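Structure below; questions to follow.
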Amino acid sequence: MATQDTISASAINGSALSLRNRRIAKHIGIFLALIILWEIGSRIGWLDPLFYPRPSNILRSFWLIYVANANVWFHLYATMSLVLLGWILGSVLGIGLGALVGFNAVLRRFLKPYVIVLEATPRIAVAPLLIAALGFGVSSKLAIIMLVCFFAPFINTLSGVMNVDEDRLELFRSMRASKSQILRKLVLPDAIPVIMAGERLALTAALSGALVAEFIQRDKGIGSLILVYTRNLNMSSAFACIFTLTILGFLIFKGMEKLDHYIAYWKHEDGRERMSLKRRRKIGGHSDV
Amino acid sequence: MSDRPLPLSFRAIDLGIRILPHLIIFAILIGIWEVAMAMGLITSIMIPRPSAIGGSIVELYITEGTIYRHFFITLTEAVLGFLIGASIAVSLAVCSSLSDPFRRYVTPYAIVLNVTPGIALTPVIIAWFGYGMGSKIALAAIISFFPIFVNTLTGLVQVDEDREELFKSLGAGNTQIFRKLRVPAALPLMFAGFKIGLTTALIGAVVAEFAQATDGVGVLMSRFSFQLNMAASLATLLSMTLIGLLLFYSMEFLDDRIVFWRREGRRAAASRARSKAWAAQARK
Amino acid sequence: MGEQVQSMTAVGDVVVSGLNVGKTFAAGTVVALEDANFDIKRGSFVSLVGPSGCGKSTLLRLISGLIEPTSGKISVHGTPVEGPRPDISMMFQKATLLDWRTSLENVLLPTEINGTPSKADKNRALDLLKLVGLEDFAFSFPAQLSGGMQQRVALARLLQTGADILLLDEPFGALDEFTREHLNTELMRIVSEVGATTIFVTHNISEAIFLADQVVVMTSRPGRMAKIIDVELERPRPLSIQTSVEFNKLVLDVRETLGEM
């Protein structure tokens, strides 16, 4: 009896696993089939290479920009160095001002209409203005990136700081906590998850801001590359660059997710487990303390 | 009786009183800026004087009235782009919520679309759709697609087990559950997605205008900037703000009316309307 | 545990007293509490029971120092209450644990706020968690604990400072009956071990009588202390005492007091 049960159990498990694998295989199969049809259509001449660059050409472009000419690395660095710098600076500014305004009711009331106006304006639209004012070059690019990624951290920090749970505040008051203690031990940790959410939005905005700046300045960076390739109707290389941004975007997505699980650990099951273990080891039992 | 809204005149006066301090402070700030520049404290040519900005506004909106055509064009680009993007997004989301295999096939492509910065497609879109409004609408549609798709899908797929159980116990079929439970329950999230989508559609339209265009506030602003006419550039930026506000509050209005059950004032109004309709029907 | 609590008053002395205490809100339009007079002896367990709006939670908050009376005076250990103080510790209806801290860290919170926790403090916190039966969950986060477990952590936190006056505002109201009864028994045990003076607010008549030496019945509109009933049942009290004749006489007494108003 026992052996029969174990056999059937493993058969079920086995088939569950292969169901998932079969699905993934189906997806990949359909995808490859589409690619192959696309390739064939392109070679026959049914598909306009402007709109449908040949897959084999796209692959060749990947090879060219990553290996043979290896020009993509320079431009990736040019873009990302500014994106990261601008993101950090813009976030610091956003979080700092958000906290300042969050704690000051008078300032909040005074600034409210300006925040509404700022929110309605597409901030990226200020790019030409900044480039004209600050000139072509790094400073205007950085200014655009900072402007674009300032807003989400600002609003999120503002909200996080203002929406502290009333019951928790009462608890702290009943323990005679000072204002500084309430800030450090309650408001700040409580706001962290919201701030992290804002940071993710800020980073994606920063990347978009950098691209727009590069479209206008056309000097270096992935955006400029895409522009130049498209102008020369080299669509396969343009697409190779766009897919590079897809990979980059995916890495950013996963990276921010990891960061969130690390910093706002208590909101995620795996973060909680990890921290539990870490704190247990640190403090241990009675004798260690 | 007590939950009827106050007469319009009362509300207007109340609004006026609340706005007044802000107007005064704004006037003071503008005044300080103007005086500082008049006295020569701020000399950078890159910072325009408020009076110059004011002059530009008058020129653009009144004397020469150049802004209106561009305003309307950008507004149209954003709205049409949004409508196209939203239609496709909602259709795909509805299909995905109804069919698991469909959702599984669509999801990887949606993820790819999400992580790729839509703005990166601008040169390609322009190469494909040309220099006219088409490329602006296309970019706006593409960029606004994902937030609407993901919000609608999440809204439709979320399950309130208690409510589902209620419907099933009443003998409701799948279509009825979809129409009478899932769709209304999804509306709040859908509208949240619409608001984001509308905002991003405007961004798409404007960015596409920067790249290459003849008409639109984006082009106007870009042109003024590179002519170093900062005053006119800022005046044009203000009109972009106006478009943004117009779009946002329109969507807020729709949200408030369609998802009426979230605000007390709207709930009361809807109650009154329905009781009137009931009474009228009973008399027949 | 079982260490004697430091106190300037001797056993049997009055530690909490109130004279003509009243509290109104909204510029006098809402009378939450009126004309409350009480003397609470050291080591006793007092329940405040009554329907919503009778002022029991308000009275508790007045004693804790979180709010000020509009009239009358409250003293604790002979000194007037002017705000939250170290000799009073309070527990609320919601566990209100900080979800980025482990159970141990949550219990240590009051000590942290009053300085750096010493090794002795940390050991005490672990002992308290053992007392409430949660030593295996000392390093778990609130999200990993059930409602009853969270309240137990809050209970341990209540005892961490060693304050001899404990105020509890319907702490077990949100829990199911079985957990509630279990925690009530635990609470009585802990409180008598530690020798604390306890004031317990509840809307549950059985719970109020089961736990207390004295039950203060409060009525609403306006909130006032209607009657103080002495509970002379034996201690320690088994749960079965709730079926005894004496117990039910007391329940009747409370209900009649409430019904009169």
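Think of it as A, B and C in the order they're written, each chain with its own count starting at 1.
Just so it is clear, a contact is a pair of C-beta atoms (placed from the backbone, for glycine too) under 8 Å apart; a residue touches a chain by one contact, two chains touch by 3 or more.
Bear in mind the structure is a predicted one, so any value in this text is a computation, not a measurement.
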Note = Check: interface with higher C-beta contact count, A-C vs A-B, is A-B
Most distant chain from subunit B, judged by the mean position of its C-alpha atoms = C
Ask   = Which chain wins if you rank chains by how close their C-alpha centre is to the centre of all protein C-alpha atoms?
value = A
Remark   = Rounded to the nearest Å, the gap separating the Cα centres of subunit B and subunit C is 52
Task = Just give me the whole-number Å value for how far the CA centre of subunit A lies from that of subunit C.
result = 48
Inquiry  = So the centre of each chain is just the mean of its C-alpha atoms; given that, what is the distance between subunit A and subunit B in Å?
reply    = 23
Query = For the complex, which residues does subunit B have touching subunit A?
reply = 22, 25-26, 46, 104-105, 108, 112, 114-124, 126-128, 199, 202-203, 206-207, 210-211, 218, 221-222, 225-226, 228, 230, 233-234, 237, 240-241, 244-245, 248
Message = Which stretch or stretches of subunit A touch subunit B in the complex?
response = 23, 27, 30, 50-51, 110, 112-113, 117, 119-122, 124-129, 131-134, 204, 207-208, 211-212, 215-216, 222-223, 226-227, 230-231, 233, 235, 238-239, 241-242, 245-246, 249-250, 252-253
Task = Could you pull out which subunit A residues touch subunit C in their complex?
result = 165, 167-168, 170-177, 181, 185-186, 189, 192, 265-266, 272, 275-277, 279-280, 283, 285-286, 289
Remark   = Listed in rising order, the residues of subunit C that touch subunit A in the complex are 64, 66, 83-86, 90, 92, 94, 96, 98-100, 102, 104-105, 109-110, 112-114, 119, 122-123, 126, 138-141, 143-144
